Structures are given as structure tokens and as C-alpha cells.
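Here you go, one structure.
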Amino acid sequence: MSEIVLKVEDLHTSFFTRSGEFRAVDGVSFHVREAETFGLVGESACGKTVTGLSILRLLPEPAGKIVSGKITLDGTNILELSKKEMRAYRGAMISMILQDPMTSLNPVYTVGNQIAEPVRQHQRIQDKNMVEEKVISALRLLRIPAPERRLQDYPFQMSGGMRQRVVGSIAMSCYPRLLIADEPTTALDATIQAQYIALFKDVQKETDVAIIFITHDFGVVANMCHRVGVMYAGKIVETAATSTIFKAPRHPYTNALIHSVPRLDRKDDRLYSIEGQPPSLLNLPPGCRFAPRCPDVMDICNEQQPQEVEISEGHSVSCWKVK
Amino acid sequence: MPEKASDSETTARPVVSGLSRRARIMRRLTFIVPVTILSLMIIMAIFADLAWLGLPDVGLAPYDPVKMSLPDRLMPPFWDEEGSTEHLLGTDKMGRDILSRLIFGARISLSVSLLVILITSFVGTVLGILGGYLGGRTEAFLMRITDISLAFPPILVAMLLAVSMGPSFVTVVLAISLLGWAAYARLIRGETLRLRQMDFVAQARIIGASPLRIMLRHIFPNVINPLIIIMTLQIGLLIITEASLSFLGVGIPPPAPSWGNMINDGRNLVDTAWWISTFPGIAIALVVMSGNFFGDWLRDKLDPRLRQL
Amino acid sequence: MVRFIIIRLLQTVVALIGIAMLIFVLVRVSGDPALMLASATHTAEDIQQIRVNLGLDKSIPEQFWIFVTDVVQGDLGESLFKKKPVTEMIGAALPNSLRLIVPSWAVAMLGALLLGVLGATRRDGFLDNGVKFIAILGQALPGFWVAIVAVFIFSVTWQLLPTSGLGGIDHYVLPVCTLGFFVLPGMMRLVRSSMLDVLDSEYIKLARIKGLSERRIIWKHALRNAVIAPLTVAGMLFAMLITGAVIIETVFSWPGIGFIIVEGVLARDFPLVQAIVIMVASFVLGINLLVDISYAWIDPQIRYQRT
Amino acid sequence: MSDVILEGRDLKKYYPVTKGLLQRTIGWVRAIDGISFTIERGKTLSLVGESGAGKTTAAKAVLLLERLTSGEILFEDRDIYKFSKSQMKAEYRPRVQSVQQNPWSSMNPRMRVRDIIAEPLVVNTKQTKEQIRKRVLELLEQVGLAPNQADYYPHEFSGGQRQRIAVARALALNPSLVVLDEPVSALDVSIRAQIMNLLKDLQNQFNLSYLVIAHNLATVRFMSHSVAIMYLGQIVEYGDAEELFQHPLHPYTRALISASMLTLPEDAEQGVEQIILKGEMPSPLNPPPGCRFHTRCSETQDICSKEVPEMKEYGKQHVRCHHVVYR
């Protein structure tokens, strides 16, 4: 098996606000290997995006803070790096793709200019032609047609799909070890989404980059990820290989999510649905966080938090029902 | 249309503020102090005298603000050796009591501001909603006028009117209002454009609501917050504008005790009788600051999105 | 781009005619200029004579036509008191005003940009609170009062600087600073809040993800986007500068446009006031035009759309 | 009366593109370009496509939010564009209602839920306050909300609950047809199922017809009786939902289904390949000649770029393609 690039251990991230402490990420552990894609799946406000931002140490100041935990990239605990050292990691070792291609590029600078920045910053290349070469190869990596002619274009002259490729080029321009992709395809149309995912599989094959893929869409997970962690209210409730998650989910929440989505390959008359809403992060239930909505709830679920149990190689679940 | 991940909507922008205790007290103070000052000013304006109750001799002001008394001229405030408690804040070069003039000045400043705010906010809101909702040429035309009005110094209009009509209370109100509506129209139009895009307006059309009903029931209630905020923030601006006009001699004509007039009176005497200009200056600063703080507070409470106002 | 400028230019001309009409109507509606000019000593014949001199005996459309043709030819009439063509008076005063306004504008803009950006980036820090304090004070104190107090402190008490009038560089210090202080707070507030909005945006997040230094993020990525919003109110800034200039020139007896218009108002010199208002109006329109064009220059999206 | 509640015939909506000083029209954006469909009583038709396909424009035309350039909309066999104003107000508007995509913006934040649901009744009927109050409570119950929630404001509800309120408002006037514009795409996955089940139950209960606008094919398959796949302002394939999903005939339909299919890693190893289309949808300002899809089609032939394919019937399906292989 290839080497572990990133390891997150017992990460706690909170937002301290006027109304109290939001425990957005509450004890999350996982790892990603070289050339592997790890999916972080969950509904809104489950903490998946905050996990991504914690790894980059780019939480909104001053409310967001990493309370405890350890994040190791290639053996270095990045939470112990100085601000300046961390900056040298960003863009060079760890990069990220944001959700909305329409707002994530600076509207007043050309595409070429924006891709060149990390190249100049991290690879310390000043020669104009060298930089341009690097920029073009980054555009080529993301299969952007006629890259030489794209350099002088402004973001608004491109379609959403193309812009998201440009964002991908920026992220990959320094060949990082780890790429965090936060819902990169959610804003795209179905056929463009399929293109983008196929493209990223190729990019991964070429560069061996480790990818954390944050999404709410199980279809995307199936197509893109090797392993998946399902998040609910700040915790990972189940981690397993993708096919295991789909075929033999053990946590009732995973099960509910997978079965409440209508299937394209058969006609359903009714959908399986769970009632209620995810709990408020300000006021979490004392026991299992899913207990109030769980169809298989037991007494202990409301009293104590379940521990993570590894039920088979690479398949861990946090549920009292699973022994 | 591609689906929107709802992450950004619900999570995650917890109000970014790790407020300390001290900051919280400060925040409360920035509300209490301005409101107290503004209330004091309103009380001063209403009870300067009770002429409106038929009791011209009863009121907060110790003297008639325009009554001259040359023997008492240029008396300093009471804490000065030459001052006396007869005239707490001293007298001007005509021997008029500064304190009484300040109290009556509040009445003038406030009535000008209120009148202008009523006129301009009404006109601006109506034009803003109409322009924003109807769109097309009406809107384009309206916006050009608005831009020009915003860029036009109201002081010049006041001067033109002062020359043609002669300076008076009415001239001042008219002159400021003539351009003042534009600020409202611009803001309200922007808000209306934003609201018009909202699905609930489309929904109102689908259920068959008339344009008038949509403007009144669906758009207007949603622009009330920004409207109140901008009205509050305008108080200060208007008081300064009125004072400036009076200072230049195109505002409320002397001897009426407008704060701007008072500063003008003391202008050439700053070295010998500093109190004549200083007290009205402080009064203006206090009231304007209160208005602005109160407006800011309201905005943070009602609609933090409007930070740029 | 050229086409866009032509359209704007045409619109500007139309607007100018509109304003001339408005001024014309405003003056005719609000009172009989002849009666205004007349004092108690004038007889009925004198008043009639003034009417004829001003062309007020003709019909309204005729008057308007004369008014417009005169304005177009640059003939704005003659001052009633100085008995000189008003254009000549304006010509003499304008350079003085510009000498005051241009440096004040520069001081205020640079100050606002610098302080606004610094305030936004060190949010709620010592500097930011200082910036906010200046803004609050600057917006609360009437400009003329600040000027008077400044004169009292620097010229009368400490005798460091001259109190009024034109002269060497020392004559500029107080007027320029006080006029600058007039417009600085509002601009600063706007730059600060617009900067805060931009710093919240996704592309700034992306710039941070790239590992750029904070300095580069602020001065390269954020600033250019943040000045778009303050630019939209450049027209209002101009209005504030003119207002300020009128007041400051009066306080410092600075023989510029503001000074002569105040004199004109007090003397009820109606053609002079009208001429200055028309002149300023054309300036206002010119500024609006410039703003539109520079807007297109800063924001490539507009630049491309309109070519 | 036939079973068809609403029929669109050759609907076209062109937006002029203007340029220059005199706003000369230099071209047309063909948002929808000759689409026809029928919606049967008690059944669901879905319009499916990517952004820019024209599905929203079609829905807006049905809801009278957009005036068509040409075409006829027949409601119960009568052309609605020949309706008088009062007929429109009495016989069409109240009977065609809608639920919008975004539950966060589809309600006036300043109105109580009670007034939001009551507004269609206030505008269109002369019912007494008491009658309206009763009707509102009845509607709340039908969509699964408690009567005491009537006095809350919209912001006090979650997305799913708001969407229930929107459904209640749409049902207030007992409409025959409800346009559902992406009714669940703004909701969280676990909430979507609740709303979709609700919509199906209400359809059965009140014999409602739905016109669904959606881009998610799985949702469409669950909801619909018939489906129209749109591409660049035209319908490329149209017919019975089950037929269409089991035997897609148009290459675009096949690509769309493939792109939305779950392919697990081991499926991929077994050679189940996704169809990945090349390029992007061209601009509706300048649609390609011939078949509009030919620039991205993997099966394109010479004829495709030259001749515009006609809509042809194959069993229960209608397809616009030059080389359909049927059975």
C-alpha cells in the first residue's frame, strides 16, 4: 500500500461566538494515502468544510479555532508550524478547490496572472518565460483547450466549467501532495460534472496527489472516491471503502442517507425517509448525536456517546448497535 | 439549474466576534449615550418655551433668545471670573443669552431635519420603488437624475434659491430637499432590484397579486429597515448642512438662534470671546455624533448587510 | 469603448440642457428677479428698466431661448454689482479654487485609502479604532467650526500660520488640511467597509490557499476590487469638495469661486450666482462622465462588454 | 373534456440581443425554440436539462411570468392567449400554481406563515376571514405542519418545513396544475425524501397534475409519468418515463443518464464506462446548424451538421435524432 500523506487525529475545531461555542468539528480522525481519494460526505453544517479549512489552518478569524488534535502531513505536525512556515505549505504542499467557480477567481486579473502567482511564490521562479511555461503546463494538466490563448483571458470570459478548471490549475500548479476539493462539482451541470470528475481521476493518476473530496452527493462519491467518511453533526460516524459503504452500511445514518436518495436504475414508489433535522451545534444531545432521529434507538444511545469500533479491515463505525 | 449546496447558507458564518466583557459594555454605551443625548435635544426643542400652549413665558430657556441687552454683552460663562450665574454660558456681542439661544437652536435644527427627512424619504422611497420595480426606461432616466442630484452640492442650490426667494426657513427646507431625495431613491431602488429577483415576488405574481399590491405588501415592508437606518444617519448630515447654510448667510436668517448663525456670530471673536462659537459647535458635534452612533447601532441590529451606508 | 464614451457624452449634453432648463424654471418660479433686486429707493420705472435689462419683459419661451443661446455661447451675463462679465470673474477665481481643491483632494484620497485599508486589515486593533475615531469625529464636527478653531489655535494663539488670504506655501497649510478633513472621513469609512467586504470573498480565500503573503493579498488582490465601490461615489465626493470649498474659502477669505459666490449671494448678485451654479453643474456632469469611464477601466468586465 | 390538462404547442421565446447607439437588434437568444408537450390530468411531466436548456423559460411561460414570442398554450383545450383579462384572472391564474426552488427566498420574510398561505385566497376569492382561517389550518395539516405554527415567521423554520409551507400555499386555491421548479434541489439529502413523498401523496389525494423542472435524473424518475429531455432550447427526447429511462434513444439522453449513474469502483473495473461528453453546451445565441447536439455527440455523421432532425415517433417515445436505432 502506498504511503500515508495526511493523518488527522482527534481534531476538534470550534467557533466561539456571542451565543456560545459551536463545536463544528468534534473529534475527527482519518488519513489519506498517496494517489488516493478520501470522501468526506455529509449534509450541510456537519463540519466537512470546517475540517478542510482546519487542515489549511484558514479558519475565519477570530471566531474559529482548532481546539485540539494533530494534523500530520508527510510526518510533520502542521499545527506546530509557524505562520510563515504554514504559508509556504499552502499552495505548494496542500491546496484546495472551492465550491463556486463564479466567485473564487479574482475578477480583475487575467487567468494567467492568477495561476502564475503560486508558481512565483513557491518555486521562486522569476524568469517570465519559465513562469509562462509552468502556467501553460498547469492549464494543460487540466485539459484546458488552447492554453496559450487563455493566458490573457479574464475569468468572466469563461464558462463555469472552464473556470473551475482554472481553479484546478491554480491548485495543481505547484504539484501539491494533498488537494482538498470542497464540493468542486456541485455548481456544475451534470455532463460537465462528469467531465470534471473524469479529469481529476486522470490528474490524480499523473501526479499521485492525495485528494480529500468534500461533498453531499453520494453519486459523486461513488464515481470519485476510494474510501469514504460519513459525517454527522461534527463527527465521522462511519469510515469504509466506497463499495462497502454502498453495499453494507452499518451506521443507521449512512443507511438512511443511501436509501433516501431515489435510484436512477429502478422505479421506486416511495422513498425511505428519516424524520427531523440535524441537532444544533450549540446544544448537542448528550449521547449519540443521531439518537433523536435514529429508527433503531436504544436507551444507551441517549446517555453515552458510542466509541468508534473497527468491525473489519478499514471499516469503522460509531454506533452502539454495532459490536 | 445546478443545485446549490446549502452549506454556505446555514452553517457557517457564525457571527465573528469573540466579544470581551469590556467590548460588550462599550457596545451598550454606544447605544445609551446617543439615545440620551437625542432625547435631551428633543425635550429642549419641545419645551424651549411653551408658546404652543399659549404660555410664551414658561419654558426651559431662561431668556428670550433674540432679546438684546447691550450692557450684558460679551459676558463669559459662569465659571470664568467675569462670568455670572445669570448667564450660565455667557452672552454674545448683542448681549443675548447663549444658553437660551442654544436651547431654541435645537428647535430650529430639529424641525428643519425632521421636515426634510419626511419630504425626502417619502419622495425617495416612492421613486426608488417605482424605478426599481418597473425597470426599463423609467428606471434608467430616474437613475441618471439620481446620480446627478447626488453629485450636486446642495449648498449651491440653497444659494440659488436664497438669491431668488430670499433666505428663510422654507428656503432652507426646500433647498436641502430638492436634492436630498436622491440618496433615498438610490438605496431603495437597489433594495427593490434585489427584492424583485426574489422568488417570493414571482410567487406573488403567480397567485395573481397586482403590481400595486406587490409594491405595497411585498417590497415596501422589506425596505423599511434600510429606510429607518438611512433616516437616522441623515439626522447628523442635515444638522450640519443647515448649520453650514446659516453660517454662510443663506440659511435661517438672523437673528433667529440657529446654531450655524451663532457660530458665525462668534467667528471674528474667537480670540476674545471663544464661548460664542464653541458651545454651538459642541452642541452640533454631540447631536451629530449621537445620530450617527444611533444609526450605526440600528444598522447592526436591523441589517448588518448595509455596512456601506 | 469608444461607442460607450460617445453614448455617455450625448447623455451628458442632454442632461446639461435639462439642468439649464431646471435652473431657469427654478429662478422664474421662485420669484421675480427684478423685484428682488429692487430696493426701497427704486421707482416703478427703475424696476421696469431692470426688467428690460435682464430681458424679463419678453415671453417665457423667448427668455429661455435667449438664456440657452447665451449659455451655449459662453455668455453668462454681467455681474450686477461689479458690472463685469461673470465669466471674467469666474475665470479669475477658478484657478484659486483649484489650487485649494486639488491638493485637498489628493491629501484626502491618499489618506482615506491608506487609513481605510490599514483599518480594515487590522480590524478592531489599535489603528482601526484610531481610524474609526477620526471618522466619527470628522463626520460629527461641522467643517466651518473646525476651520475657525484651527485658525484660533494655529494662527491666533500660536501664530504659526497666516489666518487668511493667498500667499506662500504657509498660506496653504490650514485651508488644504481643513478641506481635506472635510472629505476624508466619509471616504475612509467607505474604503474600510468595502475592503472588509472584499476580504470576505471567495477569491481572497483562494489567494490565501495559494500561500500568498498577507501584504500581496491586500495590496494586489483586495485593493483593486475594493476601490470600485468608493469610485461609484466619486460624484458625491465632488459635491462634498465644492461644499467644503465654499465654506473654507469664506473662512480663510480665499478669493476663489466659493468666496465670490457667497459675496454674490449676500449682494443678491443673481447673474453671478446663476452662472456659478451652471458652471458647477457642467463640472458635475463631467465628473460623472469621468467616473463612468474610469469604472470601465478598473473593471475589465465592463470594459469588454461595452466595446 | 379530454384527459389533457395543459398542452404547449410549438412554444418559442426569443430574446433580442441589441448593440450600439440605436439599440439595433443583432441577433436572438433562442431560449426555447419550438417545444411541444402535453400534461395529463393527475400525472407528472418533467422537463429535464442542464442550465441554459430552456426548461425554466418554459415553466415561466406556463406561469405567465414570461410572454412567449410565439406558440399556443392550451389549458383544458382553450388557448390561454385568447383569454380576456378577467378570464385569465378567474379561470387560469388560480388553477395553475407553483412551488419554487429556493425555500429561503420564496417567502416574504415580513409575513406570518398564516398570511403567506392565505394570500392566494385573499387576492383571488371573496371568502370571509373565518373561512380563510379554517382553510389555512386545513392546508397546514395536509402538508404535515402543526396548526400552532401558523403564527410564526418563515425564518423560524428549516428548509424542509419551509418547502412544506410553499406547498400549502400552492394548494390553497385547489389548483389543477402545480409547477414544481426544482422542488428539492436546495434541500439536504435526508430532507428531500420527505418532501418528494409528500408531493406524491398529495398528487394521489387531489388528482393534481405536476410540471416538474429538474436537472437531477433520479429525482425525475421517481416523480414523473412522462419526461422531456431538453437541449439548447429544444426537446430532444420525449415520452413515457419508464420507457425513456430503460431505453434511452437519443445520444444526449444516454450521456445524461450515464453521467448521473452510480458507478462504484468495481463497476468501473468491470468495464462499465461512463459516457463523458466532450465540450460544453454552445450558446443559444448561435446554435450550431443541423442537429444542435452534433458538436458534442459521439455518434455524429455528416448529415447531423447539415440537416435539422425532425421529431419522430418510436413507440411511446418522440426523438429528434437522425440515426435512432429502435429495438
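Chains here go by letter, A, B, C and D, matching the order in which they are written, and residues are numbered from 1 within each.
As a working rule, contacts are C-beta pairs under 8 Å (C-beta built on N, C-alpha and C of every residue); 3 or more make two chains touch, one makes a residue touch a chain.
This structure is a prediction, so every number in the text was calculated from the model and none was measured.
Listed by label, the chains touching subunit A and subunit B alike are C, D.
When chain pairs are compared by their number of contacting C-beta pairs, B-C comes first. Taking each chain's centre as the average of its CA atoms, subunit B and subunit C sit 21 Å apart.
Centroids of subunit B and subunit D (each the mean of its C-alpha atoms) stand 50 Å apart. Annotation for subunit B: residues touching 2 or more other chains are 2-4, 6, 9-10. Within subunit D, residues 51, 188, 215-216 each touch two or more of the remaining chains.
For subunit A, residues touching at least two other chains, in rising order: 43-44, 189, 216. Contact residues on subunit B toward subunit C in their complex (touch as defined above): 144, 147-148, 150-157, 159-166, 236, 240, 243-244, 247-250, 260, 263, 267, 270-271, 274, 277-278, 281, 284-286, 288-289, 292-293, 307-308. For subunit C in complex with subunit A, the touching residues are 201-203, 205-213, 216, 221, 224-225, 298-301, 304. If you check the complex, the residues on subunit D that touch subunit A are 50-51, 158, 160, 188-194, 196-197, 200, 215-219, 221-222, 242, 245, 255-266, 274-278, 280-281. Interface residues of subunit A, counted against subunit D in their complex, comprise 43-44, 159, 161-162, 189-195, 198, 216, 218-219, 222-223, 226, 242-243, 246, 256-257, 260-265, 267-268, 270-275, 277-278. Subunit B makes touch with subunit D in their complex at residues 1-4, 6, 9-10, 198-200, 202-209, 213, 217-218, 221-222.
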